[in-house]
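Next come the structures, one after another.
In what comes next, subunit A is part of two complexes: it sits with subunit B in the first one and with subunit C in the second one.
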Partner chain A sequence: MSFSGLTVQLLNGLADASALFLLAAGLSLIFGVTRIVNFAHGSLYMLGAYVAWSLTERLSSVAGFWISMLLAALAVGALGATIELVLLRRMYRAPDLSQLLATFALTLIARDAALYLWGPEDLLGPRAPGLSGSVVILGRLFPQYNLLLIAIGPVVLIALRTLLAQTRWGVLVRAATQDREMVGALGVNQSILFTTVFALGAFLAGLGGALQLPREPASAGIDIAAIGDAFVVVVVGGMGSMPGAFIAALLICEIKALCIALGDWTTPFGLTIAFPHFTLVAEFAVMAVVLVLRPWGLLGRQQETARASAASTAPFTPAGSLTKWGAAIALAAVALLPFLVGGDSYILVLSIDICVGILFAASLHFIMGPGGMHSFGHAAYFGLGAYASALALRRADIPMELALALSPLGGALGALAFGWFCVRLSGVYLSMLTLAFGQIVWSIVYQWDAITGGSNGLIGIWPSARLASKSAYFHLTLALSVAGALLLRRILFSPFGYALRATRDSPLRSGAIGIDVRRIQWAAFIIAGTVCGLAGGLFAFSKGSISPETISVGRSVDGLVMVLLGGVETLSGPIVGAASYIVLQDVISRHMQYWRAALGMFMLLLVMAFPGGIVGALRHRFTRT
Partner chain B sequence: MNAAPLLRARHLEARYGAAQVLFGVDLDLHAGEVVALLGRNGAGKSTTMKAIMGLIEQRSGDISFCGRQISAARPHHIARLGLGYVPEDRRIFSDLTVLENLEVGRRPARLGADGRAMQAWTPERLFALFPNLAEARHRAAGRISGGEQQMLAVARTLMGNPIAILLDEPSEGVAPAIVDQMTDMILALKGAGAAILLAEQNLAFAALVAERAYVLERGEIRFEGAMRQLREDDALRRAYLEF
Partner chain C sequence: MKAKLFRLAVAAGLVAVACAAQAQTPIRIGEINSYKTQAAFLDPYRRGMELAVDEVNAAGGVAGRKIEIVTRDDSANPGDAVRMAEELVSAEKVDMIAGGFLSNVGLALADFAKQRKVVYLASEPLTDKIVWQDGNRYTFRLRPSTYMQSAMLAPDAIKLNKRRWAFVYPNYEYGQSAVATFKALLKAGQPDVEFVGDQATPLGRIDAGAVAQALGDARPDAIFNALFAADLSKFVREGSTRGLFNNASVVSLLTGEPEYLDPLRDEAPVGWLVTGYPWYAIDTPQHKAFLAAYQKKYSDYPRVGSVVGYSTIKAISAAVEKAGGADTEKLVAAFTGLEFGSPFGKVMFRPQDHQSTMGAYVGRTVVKDGKGIMVDFSYKDGAGFQPSDAEVKALRPAD
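Then we have the complex of A and B:
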């Protein structure tokens, strides 16, 4: 690799870093003040690109182009303010996770809105007038537009720093980042502060999207990629730190640029390492390393414990005899399902999905609810279980039953490794690290064609002859799901379960009475990973094929939605949540073209009406005095 | 004391989740007076103040300030009416400089009882009252001493030009020399016409500045009367204040 090639790649990295910084700065600002992890930030970015495209179509003059960029950002900023005013304002007192669910619902709605308004094709934007050519750097061509981007990042950073340091608004924002309740007690109307912060954050996201338009087409898929990148940058830089976000964006983009510049490299032993393949995993690897060495990010500081008097979680109640009998009768009825609907019914297929979903959600709930560790990358264990079984069957010709038995092991090993790192963090940082590990697993599976089949995945993963019929496989799935869910439930009422809940309620006090907090949490991770791996194995054999989609962020989010929908504070929550989510998704997606938007709307309604989830709401309704 | 009280609370109750902390607290604060709210740790002094300030969601009872109902008002509305709050644990913004902390508390000057604008607090006037802060004005508030942080917490609230102040245990955990300064400061504020409700465990300190006292025990008022009476009543003190 030549020096000039490297230089150009590194300059490209600078341009990428600027774009990424715009996105991350807004997210960081919003999180710092409102404590909302805004999943919809990627959607705002996407909308910025689309709106800019439409505007440049109409305003095609030179000035029109730059006005379009600004107008697009302003429009997205206004949309952000509206979202805050109409939706999020009602939720600041709700549990953190229902806000997450609401912003995720917004991403679904935004995705379909973009499809409806702009269609499914990628929309290529115009070149920036006056900057459409290239300059020669060390004998190589370098796009002029990238030079502009390189300049924009530092300019925005300085502007933000000045705004935060020199204006009263900035002082109030920084104060609210530390202790928003106290800011209110000093006479500052937080609502206005929150709305303006959200608007500014959205404006930056929109600007980021608009400015990408001359480099990349606007498409409906860029939201998820953008939000993943932005999360990583914010966490690596340190939540709420603008310079931190800038440094993190630089670090990540330059490492990626370096990977591309290095190209394929053959080791002395003849093994070829394709560095460009590492770009997918690079940012998450950086994040994992940084979080382990500096748990609060490069320039972040340990978050002070939430000031608002945290609502205490009601303890779990063991099932009464009524519940037990009710559950047993319901289970018996479900077991008779194949005889009622016939062996080839679609209902059986759906029921298998539900059983797998319940097991998946119950294992996530185990670390989220009683453990208080919100995993955003639970699909990793699901995928490891699925791939463990599939690989055993396809590559090692191990019989199906044995291959299925390997799936919990796959999940457990993943949790053993990742859990060790994750339990060293807490709060949003822990969530982000789980997300990072999920993405790392996804990238490896996606890239490792020789073993995992890459993006095509593995096919021909069918159950053995005696489990081949739908009804037999349904009974197997039902039995294992019930066993798994009961096992998790049993563990929660054991001394280990009490210790786990103690670590959630107060890590400090738990440590003081002799509980090894990290060990307990690590063990919880492994238990959850084991059960989740089994869910993945059951999933693989029910579908006959698996692909990296099994490990995607989307699946992790599905798990979160199931748990939150049912209610994180109840033990039956994940079961009800998984069943209702899968049925809902199935019904809506079969009957509606814009099923994502419909699902999103439904989730918003649920979150607004029942912040405690379905089971939480039912319990509240029936136990009211 | 026949005029309507500036701050008036009746049947004040507050709870954290399932735990009720206040059981029908009644108290009055008149213009220009310093009243002590005494009680042991956990008696409900801080909770009383937070409930008045609207910082506790689950509260009930009638609270009025300057003749207005504030029982359901949000904290920033209450603060804007002229009720200042200095929390027990100071809650200064440690990442901000001393001057920036004061900026967060700044509110416009308000009209006094006579209808004329009162002299607004400025950082310079406050630095005259707390000389230590003047030297630290550009330092991050997290890097000044505990006593200075306590002064900053008071000064920050004064920047809102409050008519009455809820002052939660200013003597807790600070050096005796600072306590002396606090005494002077409270007397100076009183001289300037501010009403102060002072939560304290330290009877000796409270007795220097307050003329009236309430004694709180397990969320109920057990004594109400002149400070002098409390100081002379050994049995009362032993029952509710001493250990």
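Then we have the complex of A and C:
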């Protein structure tokens, strides 16, 4: 590759970095002040692109184009303010992460709304008037519009820095980022502060989407990619640090451009490395490396814990004999299900999925609730378990029962490796490192055709003859799920479980009384990974096939939704959450055309009605009256 | 005697009732697709299906029975697809299943069909494996496969007589096998070709600027492209701004399909050799009839999805008619070697691998009246773009 080629590739990276920074800056701002993990940020970005498209269709003059960009961003900003006022404002006192559930529901609604309003086809916008052509740089044609983008990034960065450093509003925002209770105690109206911050963040997301329009069609799929990228940039840069976000965006985009520029490269030993393939996970690999080396991102500082969320929840209470008997009777009734509904009923199929979901959710809850470690990449262990079983069966011809027994091992090994790194971090950084590992595993499985079957996955993974009937497999799944859930429960009531809770409530004090915090957390990771791997194995044999989808972000998010829906603070939360989420999705998707929006609406209602999850809210009501 | 007569009469009556009931219960087709995540393709697909169902039922149904479709959304997730298939088979009592857009979903459903012994007509998934390495006795596939579509482009690509080729494709099985097939056929037809660059881009997330420049820096005489949807739009815009296509011919898979060409509007590429569907200019009576019926019902033009959806139902109807009902084993026998009429003309399900011979149109793109269209096109019958039977036999496991 020539020097001039490389230089221009670095300019490409610079333009991409600017676009990425716009997207990430708003997210960073919102998180810094409100502590909301705003999942809907990608949706705001998507809506920015769509609205800008509609406006440019109507205002086709030169000035009209730029006015459209601005109006689109303002419209999305206004939408952001509305979301904050109507929805999120009610939830600041709710337990950690229930805002995440609410914003996730918003993404479902936004996606269907875009489909309804703008139709299914990709909408390619006009080129920017005056900047539609290219200039010659080092003998290569370079789009003029990219020059504008390269300029916009630093301009927005400086504007934000000035706003935060020089204005009264900025001072208050920075103060709230550091200690929002103190700001409130000093008489600052937090409500207005939060609404304006959210509106500005949404405005930036909308602007990012609108400015992408000359380079990328508006389509209903860009939200997911956008939100992933934005989170990575914010975390790599250090939460709340604008220059950090800018440097992170630059780092990621330049690495990608470099990979693309290098192309296939043959080593002296004849091995060919296809660098472009690396773009599939470049950002996540960068994030993993950065977080391992710098636990708070490039320019981030140790997170201040917000005082409200530090209030610890009451310890779990062991079940009384009444509850025990009730659970046993309910379980016996469920075990009789095949005889009630018939051996070939769909209810059994759904029940198998529910059992798998419960095991998955319970294992996630184990590190998330009592452990306080919010894993965003829990699907990694699920997928490793599933692939361990599937590979044992298909590639090594190991009998099905034995192959299933290998699935916990797959999950455990993954957790052993990733957990060691993750427990060295805390808070959102830990969450994002789990996500990074999940994506790295996904990308390896996705590309390793010879072993994992690549993107198509593996087929022909069916239970052995004696477990082939639906009722037999249902009983197996039920037995193993119950055993898994009971095991996790037992561990939580053991000294280890109390030690784990202690590490969550106060790492400092736990350390002082002699608890090896990291070791306890690491062990918790491995236990959760083991149980989760089993869920993956059970899943594989229930479907007959698996694909990289089992490791995808979507599945990790499903797990989070199940746990949050049921309630983090109770042991039965994940069970209720998993069952209700799976049944809801099944029923709604079968009966409605815009089922994602309907599911989102329903979840919003649940979050509003039961801020602490279904079980949490019910328990609260019971104990009060 | 009297009692015996009475019993006989009752028995006869029961048989008659049973037959009548048989005649009245519709043939139920369970249809699973990623309706929400792939709406650009599947909205027209659903319309095509519904049009065909109307036509078949208006003509009195098949084998004396009406047909009925029950659709399910798999949210692009193979696990959910298999659950929906279970639901359709055990709760909805469908006679067979159809659909599947993504290749991993298609393969999961094919394996389900094999395990549960249900007939599955894979209408859209493109993966070669569904009829070859992972093919089975219960699975049939309608749309021309990745191999077939790549092979359709190869002869004209060889005629271009370009030496330096570069490749750009989405980084998953479809893109990889398209490129592998195309490279092999190109090398066979033109041994002196040189492969100067490979860009595998993450699906839906191409860094179009960097990719376009890297391809340009490789100085190719020709480019083979397998990108589609948003990736394609981004690539075309960056590529034309950077003059990538000035000095290189482009051979491109799927680009002539209205689903992917129309969003580009007046920026559609010019002079690309593509596979696609020029609905505006196909002059056969079958297609004219289909076009008229479709436009009358929906006041919109058909996309490839519409043709695939319509043909799916037509194929199933023909199979049920031939089988004289919806018994699974009889359906398998009926589908094997089945001939039926599609908007593209006569199509046959090959007995050797259950792949249909539905073809595609190959032509060149131009921009006319602010829109990309295909010109100088010809229909490539899928029967002519297959590996030899011996190769297929070696790939496909015996039933």
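One rule holds in what follows: the second predicted complex is superposed on the first by the 621 of 625 C-alpha atoms of A that agree within 3 Å, B and C clash if a C-alpha of one lies under 4 Å from a C-alpha of the other, contacts with A are read in each partner's own complex, and residues count from 1 in each chain.
Here is the rule we use: a contact is a pair of C-beta atoms (placed from the backbone, for glycine too) under 8 Å apart; a residue touches a chain by one contact, two chains touch by 3 or more.
Being a predicted model, the structure only gives us computed values, none of them experimental.
K.L.:
In the superposition on subunit A, see if there is space for subunit B and subunit C together, and answer fit or clash.
P.N.:
Superposition check on subunit A shows subunit B and subunit C fit without a clash.
K.L.:
Regarding the shared-chain residue A:N189, is it in contact with subunit B (first), subunit C (second), both, or neither?
P.N.:
A:N189 sits against subunit B, while subunit C stays out of touch.
K.L.:
Rounding to a multiple of 10°, what is the angle at subunit A's Cα centre between the Cα centres of subunit B and subunit C in the superposition?
P.N.:
160
K.L.:
Pick one for A:Y446: touches subunit B only (first), subunit C only (second), both, or neither.
P.N.:
In the superposition, A:Y446 contacts subunit C only.
K.L.:
After superposition on the shared chain, which partner residues are touched by A:M373: those of subunit B (first), subunit C (second), both, or neither?
P.N.:
In the superposition, A:M373 touches no partner, neither subunit B nor subunit C.
K.L.:
For A:A210, select first, second, both or neither according to whether it touches subunit B, subunit C, the two together, or no partner.
P.N.:
Neither partner.
K.L.:
Who does A:E181 touch here: subunit B (first), subunit C (second), both, or neither?
P.N.:
first
K.L.:
Touching A:L172, do we find subunit B (first), subunit C (second), both, or neither?
P.N.:
So A:L172 only meets subunit B here.
K.L.:
Count the residues of subunit A touched by subunit B and by subunit C, then name the partner with the higher count.
P.N.:
For subunit A, the partner with the higher number of touched residues is C.
K.L.:
May I ask you to decide whether A:L564 touches subunit B, subunit C, both, or neither, giving the answer as first, second, both or neither?
P.N.:
After superposing on A, A:L564 lies clear of both subunit B and subunit C.
K.L.:
What is the minimum C-alpha distance, in Å, between subunit B and subunit C after the two complexes are superposed on chain A?
P.N.:
After superposing on chain A, subunit B and subunit C come no closer than 38 Å at C-alpha.
K.L.:
With touch defined as at the start, can you tell me which subunit B residues reach subunit A in the complex?
P.N.:
Touching subunit A from subunit B are residues 16-18, 53, 55-57, 74-76, 79-80, 85, 87, 91, 93-96, 100-101, 103-107, 156-157, 160.
K.L.:
Flag every residue of subunit A that touches subunit C in the complex, lowest number first.
P.N.:
Touch list, subunit A to subunit C: 1-2, 5, 8-9, 12-13, 15-16, 111-112, 115, 120-124, 127, 132-134, 140-143, 146, 215-217, 219-222, 225, 253, 256-257, 260-261, 263-264, 274, 276-277, 279-280, 344-346, 349-350, 353, 446-447, 449, 454-457, 459-460, 462, 539, 543-550, 554, 586, 589-590, 595-596.
K.L.:
What does subunit C use to touch subunit A in their complex?
P.N.:
It comes out as residues 36-37, 39-40, 42-43, 72-73, 75-79, 82-83, 86-87, 90-91, 103-104, 107-108, 110-112, 115, 127, 129, 134, 171-173, 176, 197-202, 204-205, 207-211, 213-214, 216-218, 229-230, 233-234, 237-238, 241-243, 259, 262-265, 267.
K.L.:
Sort out for me which residues of subunit A touch subunit B in the complex.
P.N.:
93, 168, 171-172, 174-175, 177-179, 181-190, 301, 307, 309, 311-312
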